[in-house]
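What follows is chain A paired twice: with chain B in the first complex and chain C in the second.
The block that comes next holds the complex of A and B.
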């Protein structure tokens, strides 16, 4: 019972610290830019709704899934534990009689509602602005958004546990691995989380005429396999992060 | 015992200009950067591009491939087969292709070189010396500019030297004497714009994550949306939203090489956008670096 209360306090404290931080403020920058973009394009007023849905989907895949989600999750995922490491307050957390696994799970649990809430709110905002097309997109792409967000958060928590300069590594991953390797031909793109997110989005938009890129550039797997892959990546990353955090001796805490 | 006996006494020699302190700041900044392995990885990524261009130049000048193959390779890398031709823009292409690596390197460096001074409150140590905020700002800008230079115009100049050295005379250098000047001018644009933007952002945001998010939003996300808007509306002016493209247009203006008519028309506007952006950054920076922080 005491552990549960300690965990609740940690989640609440971490969520509050992350919410009222400069990360939240700067994450609003890409969100606001996207919002202005959707407002300018005014997809709801297009005569050809199939074309409007296709163009809105293109924006959601290339802008929202490939950039906004990784960047927002990077801001919260690396700063949840990385912030304590950077501020040298992790030591005070670790000397408390709380198991290390619970500390990490508390940090992860604090970042999930924040990142997911923000990303779903802005996804909902875009869909609302896009009118009827947006309503279809919300239903079609919601699973991809939720699963990708949680997977990114888990991977960035792993980075925060393993690397001292987690933001640096996460940024290389988000901009280089995800953007560059994710667009290469062959199966190399399967190392990127965004690949599975894109598979889910293309599968979701297929009934409304959204087509995946040509097969020589993008070979989709089934939506079920992509869902399992994202869930597996989340669980594996969290398990790896828990294992490292449990056994690692941090020498840079003071 | 007088204080002089304890070998503690004032400096009686002639004092140097405080502007020399900016060089010390650059030296310390470079030491800080090169002490970390992650930065070497990013620099290594930047070097791969340089080695690729180096190999291409070596191949076309030394291995004597059939003329058609040679022409194709040079075309792919933006070089002209004819030394006297005006479109010798492989150097622009090289500097453009370095943009991702430069962006990643600067995203990390901002927090380390500038943000930490504000976050860990070490700015008073700088300002308690014989320098004022202008020297501090100049030192930090110079440090970032050196990092940008290491990945952009310095390797581009090395490629120019290499191209000339692999030919049998000085003709290439003589006939393309404008190229190194254009490389330097484009390099100057990159150094000024990027260093002002990064130092201003880092001074305000301080931590690595917010700086990285804002930096990548400015340089990756705006580029993506600008391209979309340009494609969908057919209005080329949307390209001005992308700061990299603005710098590229100004760079092309330095080289006098434009691949499209629209680029030539937009280049002066790009210069104006960059000028306004740099002016705003400088104002923000001067406002942020204040001695009042020391009193607080």
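The block that comes next holds the complex of A and C.
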């Protein structure tokens, strides 16, 4: 009972500290810019709803999935544990009687509702602004948004456990792996989380005429495989982070 | 009472050795951990608080591995670190730490109030930590370390940066806590500070435990330590010959105009040399005691233990 209460405190404390941190400001900027973009495009007023849906979907893939989600998850994913590491307050958690694995899971559990809540609110905002097209998009793309968000958070937590300056490493990862390798021809793009997110989004939008890039270039996999890949990546990243965190000695805290 | 046991503990940081084959059993009272910077005091504290695992040997608290959650429940650590959750007030921070020990809201609040009162911060606990002075931070660190009533308190340099009045208050506080049956281990690189507070002293030099015992035992070791006194005179050879006749003088060496005298009792030597200078009509230009720093004391203890 005491351990549960301690863990709940850790989750609550971490979520509160993350919410009222500079990470939230970093996240709000791209969210606001993207909302202004959707407002400006006014997809709900287009006469050709099929074209409006297609354009809205392309914005969601290029602007939201490839830009807003990584930025938001990077900010919260690396700061949840990395922030404590960088300002050395992690020590105060490591000397409490909470097993290390639960400390990490607590940090992850604090970041998931925060990042997911903010990203879903943002996605909901786009969909509301886009009218009927938005309602369709919400249903079609929700699984891709949720799974990609959680997968990114898990990977960024792994970075926070392993690297001293996790934010810098995560930024390099987001730019190099996600943007560059994720758009390379051939199967190398499968190293990027965004690839599986895009597969899911294209699969979700297909019934409404959204077309994936040419198969010889995009080399899509099935939506089921992409779902499993994102779920597997989440579990594997978390397991790796737990293993490293359990044994890692943070000598630089004092 | 939780016993802290180090059994032939060695800690390597890559090729560098943090502490080397340290063995000790600490149970009750105030234990002063003395050593120069880089001697291994912080490594000792980190091992005892379960932050680090020993490369060789074992560290146990109340029979459990120091890294286990069960051991950490019995340990309170005040680290040599001056950052907190800066956005919080002192009270909020200590309360958060109490909650992280699993106490209910009501109990955590009561414990926080008690801890804050104990460290004399009741009137300032509502201030934000971001603007807190060094002394306030030290007290908040102590409060968060003892909020869960630990049996073993590990205090890394608890008196550094504290004014004399604050030192006295904290010293009294530590004595009271020890009187309640806790084991308190505190580190310092200042010999006088440790002498004032500790019932038992551990001296670390370059990672090795070179002295371990009651204050009187370690004092005994230090009393045997020769001091070097440099005398500058117009007739150094004549001075050296006279000084060599004095009791308590172990050796005399002439270096140019300087005479280096090794003595075990500098106080008595100084009174004798004054008499000697007057009796013999010697011209003494300068008299200075060398190697009085803590580092010299630690080096002597290291050599004595070898």
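The working rule: the second predicted complex is superposed on the first by the 254 of 254 C-alpha atoms of A that agree within 3 Å, B and C clash if a C-alpha of one lies under 4 Å from a C-alpha of the other, contacts with A are read in each partner's own complex, and residues count from 1 in each chain.
The rule is simple: a contact is a pair of C-beta atoms (placed from the backbone, for glycine too) under 8 Å apart; a residue touches a chain by one contact, two chains touch by 3 or more.
Only a predicted model underlies this, so the values are computations on that prediction, with no experimental measurement involved.
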Clash-or-fit label for the pair chain B, chain C on chain A: fit
Chain B versus chain C as contact partner of A:142, first or second or both or neither: neither
Partner chain in contact with A:88 - chain B first, chain C second, else both or neither: second
Which superposed partner A:26 touches (first chain B, second chain C, both, neither): first
Angle, in degrees and to the nearest 10, that opens at chain A between the C-alpha centres of chain B and chain C: 80
Which superposed partner A:79 touches (first chain B, second chain C, both, neither): first
Partner chain in contact with A:67 - chain B first, chain C second, else both or neither: first
Most chain A residues touched (candidates chain B, chain C): B
First, second, both or neither for A:5, with chain B first and chain C second: second
Smallest separation in angstrom, by C-alpha atoms, between chain B and chain C in the superposition: 8
Complex contact set, residues of chain B against chain A: 36, 38, 41-42, 45, 100, 103-104, 107-108, 111, 205-210, 212-214, 216-217, 220-222, 224-225, 228-229, 232
Touch list for chain C against partner chain A, complex: 13, 42, 46, 49-53, 69-70, 72-73, 75, 77, 79-81, 83-85, 87, 96-97, 99-104, 144, 156
Chain A residues within the chain C interface of the complex: 1-6, 9-10, 13, 17, 20, 87-89, 91-99, 249-251, 253-254
Of all residues in chain A, those that touch chain B in their complex: 22-23, 25-27, 29-30, 33-34, 37, 40-41, 55, 58-59, 62-63, 67-68, 71, 74-75, 78-79, 82-83, 86, 165, 167-169, 171-172, 174-176, 179-180
